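Next up, some structures in structure tokens.
In what follows, chain A forms one complex with chain B and a second complex with chain C.
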Partner chain A sequence: MEKAKISAYQLFVLIVLFELGSAMLIPLAIEAKQDAWLAILIGMAAGFCLFLVYYSLYAYYPDTPPTDYAQKIMGTVLGRMIAFLYVLYFVYLSARVVRDFGEMLVIVFYPETPLFIMNALMVLVAVYTVRKGIEVLARTGELLFVLVSLLAISGLFLIVVAGIIEISNLQPVLEEGMKPVIKTAFTQTLYFPFGEIVVFMMILPYLNQPKKAKRTGLLALGISGVTLALIMALNTSVLGVATVERSLFPLLSTIQAIEVAGFLERLDVSFMVASVIGGFFKITLFFYVSVAGTASLFKIKEPTQLAYPLGVVILLLSMMIASNFTEHLQEGVDIVPLYVHFPFQVMIPVILLIIAFFKKGKQNDQAINK
Partner chain B sequence: MNKLNRKAMFLFFIMISTVFISGCWSQKELNELAIISAMAIDKNEDGKYVKTIQFVNPGNVAGGLQGGGGGQGPAVTVYTATGDTILEAHINASAKVSRRLYHAHANLLVISEEVAREEGIDGIIDAFERDPEVRTESKIVIARDAKAGDIVKSLTSIDKVPSEKVNKTLLVTERARGENIVVSIQDFISVSASLGREPVISGFRIKGEPEKGKKMENVQQSELDATLEASGLAVFKEEKLIDWYEGDLAKGTMWILDKIQQTDVKVSWKGKKNAVVYNVIRQKTNVSADTKNTYPEMTIHVRAEGDIRELTTPVDITDPAVISDLEKEIEKEIKKQLEKAVTRTQKNNSDIFGFGEVVHRTDPEKWKKMKRDWDDEYFPYVNVNVKVDAFIRRTGLRTNSFHSNTEK
Partner chain C sequence: MVPFFKRKKQSNKGKRQERDSSGSSKNSAEEKDFIGSSLAANVDKIRQKTGYSSDLVIRLINIGPQSEIKIAVLYVKGMVDSQSINDFLIEQIMKNKALQEKIMPNEALDIITEEAVALGGVKSVQDWEELFTVLMAGNTILLIDGINKALSASTQGGARRSVQESTTNVSVRGSKEAFTESIETNTAMVRRIINNPNLWTESMKIGKMTKTEVSIMYINGIAKNEIVEEVRKRLKRINIDGILESGYIEQLIEDQTLTTFPTVHHTERPDCVAGNLLEGRIAILVNGTPFVLLVPALFIDFFQSVEDYYERFDISTALRFLRTVTFLISLIAPAVYIAATTFHQEMIPTQLAIIIAAQRESVPFPAFVEALIMEVTFEILREAGIRMPKAIGSTVSIVGALVIGQAAVQAGIVSPAMVIIVSMTAIASFATPSYAVAISARLVRFVFMISAATFGFYGIILAFIMLTVHLCSLRSFGVPYMSPLAPFIPGEAGDTILRKPIWAYSKRPHLISGENKVSEGKHQKPGPPGPRNMTNHYTEKGE
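Here is the complex of A and B:
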């Protein structure tokens, strides 16, 4: 673990940017049709529970990353295996996000540029940031969060002013009853994006005021959940469900639909800026925890040395995980949530928490408050 | 030494990165681009698509009024190319144009009536929606009684770029008259994809001689030989054009679609036709459905506000009782327009009003049974009630007309 501290506000900013990252680009929870926003909110509520699980583990071991305390809880051998699997998980997710954003940039903005170049540039920036450490990343977050918020607020304002919102597109609410909404929430939105907050298990030990961890985490999750639900509600009301379903990046189409006063139009670039910022944080955070996890697992003194080799791994993995974008999306919807996210976000943390509870008893907040 | 080395390395990387990260991968200078302003799709005798592409001649657009600058030639140049698909025709066009075809400023797509009638336009639209360079906010119009190509070939005055002229005309007439509707590619797609609604698109025709419209002389006179004119609403059913609505029919449709912003309503008074002209300033139309019975019952509720703008006979409009009588007449007249549109549309079996969507919103359960054959089995038999509330708010600068005085 590097010697660094981040403030509660910085943690908040990182979580929000991370959660919005790729989730705001895609037609999130569209299986629930016009009730996608509801599925997102339910996913968020369930995400709160997951965060509380991670938080409780953190409360037991406030100074050590999970790659270490997994060994304390499960014993060295099993614990190391789990820690190693987590590192692989983070590396894989990092590669997935790199691919997501590379594809997005190629499809929308740079049709003639090879995907590899896009991915390489993004990984390069991530490597640079990871070498600088978590504090730098957090400060970058503080700075860019202001920009993203401004873009979001002005975007919302322009969409309202442009008069393109058709609330009737959101009706009928609960057309098929609660079932598809609940199903979408628990097979998709819970894991992506809310459950991905599992990476912050590795970041929480850096927090300088451990007392604030719970409140900050829940608040950040809540704000990102509401934002995502709002984004999907806007997409649906502007474009209609049918178009959102067929869009790869509905938010882009929504922004393109803005035409105010004959000159405030073609605002695609604001979409690009916001998405690249979000993508950068998502990639870098996954990347950072992979590096930190590897370092703590293999007792490497200078974690930053791992940035380049792991960067190469992520870059190559991002190119290899799928042969085309359709395959990449299909994996993301059908395979990853159930077979990858579920064990790592729910099963393992819950098992760890139960064992930790029996080992350490009910001392939860004491460790933090002392 | 070491320090110097590091500095040198740093400088070297900075210089290298100017080459690699400045984003020149697929850079195109402005003089390498042919900026498309409009596209038109026709079909020729061999069944191939003919794509007519209108390019802006930047030098000839700018500055007629600002003195100098504006060139002598036409503001646009047009090329045509053929192909079995839209994309092929587009690529074939590159054999004729010396620059890369640049789509991002195209804002008009014209489709010929023939293509729209015979094969529908859904197949054409996909290519435009898929391409990230094409703006789906581009407007669509149907070339009525004309080749789509001729519409984009005609030169126009006031707005020199014909695509601009068509778009602005549409916008202005939608606002002022309410017989035409502005439809973008995006709008068309979202309506077309919905089961409970069919699309309408405005028509454009050439008034005059299309051949003369292509010449510069066309715009060097006060009355053009060929003028582009918004004309009617094209009604679609299952992606094919089946009918044209004009006049009251078009207005009635626009009322139901809640798209009327301003329009005039003429009513008779004491047996005299067109005695009073009422100008709608704002209105709100609500459509609701009652799904108790097998066939849903629709209620259209219009609430219009406006002014009296013309009296062709003496009417004592200082009398509130007369005003409220006039309001009733206006309500009747608007109701007539709406009912006319409803009758014709039900005969066409094409739900352009989106009644299906309203039923869907009101009663999702029942809609599930109806949605597959809504247009043919249910929509024509729907009972439609029209309720109009019209309000006269003001009468312009004068009260009674001056011919009230001369009457005596």
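Here is the complex of A and C:
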């Protein structure tokens, strides 16, 4: 483990940027139609439970990353296998997000630039950051969080001023009852984006005030959940359900609809700024966590040395995981949540927690609060 | 391979020397070369060692009843105050009655030390190395025949630049004094502002050849001990021929060399040094330069001028805000123009897009080349303007106005919009208070231009993220460079882009200062006097 410490506020910022990263771009929970925002909020509430599972594990082992304590809980062989699978999972997710952003940029802004170049640039910046370590990433987060917040607040202000919000688009609430909402929440939004907070199991040991971990995590999840719900509600109310369902990046369409005072229009670039920053944090966090996991698994003393090789792996993987964007999206909706996210976000942590509980008993909060 | 090993050996040797000098003084004293007792031999040796330099003055005096005791007075012409030598040294010795009586040479020494010489800083010197150091620093040496000791009297003087107004840190309000080249004057100027025994200075000589006097200045209790220790350690490490300017020191004590951003602050103003000392920073004064170094230096320090604290807080906040904006302009304005015209035409309002397109129609170059031509031309002009004799200066500005201006547009090389962008960038880069940061922004600007030309806004954003990561990874004497913004320190963020009111500065910077953290008392906010006592005095009386 790197010798580094991050503060509670830094953790908060990282979680928010991470959660918003790619989730704010896509039509999240649109299977629930105009009640998408509700599905997001329910997903968030379920995400709280998942976070509490991760937190409890952290409370048992406040100084070690999960790649280490998995070995303590499950024994060396099985634990190492689990840790290795987690590293693969993080690498895969990192590559997925790289692909998401590369595709978004190629489709929307740079139709003639090869996808590989877009991905390579992003990975290059991520490699540079990962080499600098978690502290630098957290500080960068603090600075860029201000920029993203300013963009978000001014965007919201402009949408309101432009008068393009049609509340009727959000009605009727619960047209088909709770069932589709609940279904969407538990098949989609719980795992993406809220369950992905599983990466912070690897980050939590760096926290300098372990007591604040629970509050900070829940607060950050709550704020990002509310923001995402607000974004989807805005998208739906501005564009209408049908358009949101069809569009790849509804937030972009919403921003394009802004027209204030005759010259504040076509603010696509602000969308790009916010999304690239968010994407950068999501990619870099997954990337960093896979580097840290690999280092602790194979006992490598200088984790930053792994940034280059793993960067190449992530770059190549991002090109190979799907032959085109449609296939990529299809995998993301049909396969990843059930067969990838569910075991790693829910099954393994819960099993680990149960075994840890039987091994260590109820000394849960004592380790942290002493 | 051989030179590599050689260097390693040498560095080992250096380390050993360092250890020796810091170790027991007894040991090193044995190796020293002492002054002999024969005056003629001593004077010969000094002559020989200094290569019979013509500016070394040796004056022989005879004292005693039969004038049998010979004394030599040595000093370097121009470096001493010759009047004080004449009045207080030579004259006093010649006229002293005790010295005219029959005395022994060693008595003469005592009499001269205690009675005759009417100068401060008299001390005896025993070994040659010290003698030469003292002599070359502008002191006067006194040698007496038959005594294996020399006497040095402090007579430093000679022509120095007087205290003048600062030329690099100009301000509207505040002290007009600026540092000079003399370290004693500079130290005194700071002491005059901070009248406190806790203002401590430590001196050392750096430079094997130049033996430049360098002193560390800090306020005991306010400065953090670890940082003082670190500064001391880094200064002691320096093993170099000469220190010509504080820039040498700066480059030898930086945390990271591979960056365009300065991690050591420098200033010419005593009030700026005093203000920073009060925050817990450490000043490094170097003899021979008016630029005093301040560490640790944070990124945000380079956007603050000492005058911000003299103006009222709302004005200063507005000015600081403006400076942040100008820094961003000087960094990315050409890049944004290139990106907008090359990749993202849709973001320019239609009318403006048409105008720009019409202007660019006759220009044969892509926007990037156009911008590069103009930026490079501007940098050339600026560089020429700085080092040009003043008489030719006006020629440069006239020619410059032609090159970056109407003539360039008429020649069809650049578009008028580009001229505006480049000029705006230039003005913005001059509005940054610190030259060091402005010049690094100028370098980074070219990186932004290249990334904008190749990948449009995506390139700019990635370059911006990388720049942020880089800035966040820097440290100045262990203090994160971007603090108190990142890591965010709530109480202190008010003194960054904002400038909180003076009455709200209750604490010193947390990461920089030592134990003494409280900088002002409670309830400092001023207000009108109590209700109706004074304010409504006249109206109530009905006058």
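Definition applied: the second predicted complex is superposed on the first by the 370 of 370 C-alpha atoms of A that agree within 3 Å, B and C clash if a C-alpha of one lies under 4 Å from a C-alpha of the other, contacts with A are read in each partner's own complex, and residues count from 1 in each chain.
The criterion applied here is as follows: contacts are C-beta pairs under 8 Å (C-beta built on N, C-alpha and C of every residue); 3 or more make two chains touch, one makes a residue touch a chain.
These numbers were taken from a predicted model, which means no experiment stands behind them.
Once the two complexes are overlaid on the shared chain, A:Q171 sits against chain B while remaining clear of chain C. Measured by the number of chain A residues touched, the leading partner among chain B and chain C is C. Of the two partner chains placed by superposition, A:I300 touches none, neither chain B nor chain C. In the superposition on chain A, A:V312 contacts neither chain B nor chain C.
Of the two partner chains, chain B is the only one touched by A:L239; chain C is not. In the superposition on chain A, A:R266 contacts both chain B and chain C. By the touch criterion defined above, A:L105 lies against chain C but remains apart from chain B after alignment on the C-alpha atoms of chain A. Applying the stated contact rule after C-alpha superposition, one finds that A:A257 touches chain B and leaves chain C untouched.
In the overlay built on the shared chain, the residue A:L121 is in contact with chain B and with chain C.
Chain A residues in contact with chain B (one complex) as well as with chain C (other complex) are 109-110, 113, 121, 265-266. The touching residues of chain A, when paired with chain B in their complex, are 107-113, 117, 121, 168, 171-172, 175-176, 239-240, 242-243, 246, 253, 256-257, 259, 265-266.
Of all the residues in chain A, the ones that touch chain C in their complex are 7, 9-10, 105, 109-110, 113, 118, 121-122, 124-125, 128-129, 132, 136-144, 263, 265-269, 272-273, 276-277, 280.
Listing the residues of chain B that touch chain A in their complex gives 21, 25-26, 104, 132-133, 135-137, 186, 189-190, 193-194, 357, 360-362, 364. Across the interface of their complex, chain A is touched by residues 343-344, 346-347, 349, 455-459, 461-462, 465-466, 468-469, 472-473, 480, 482, 485-488 of chain C.
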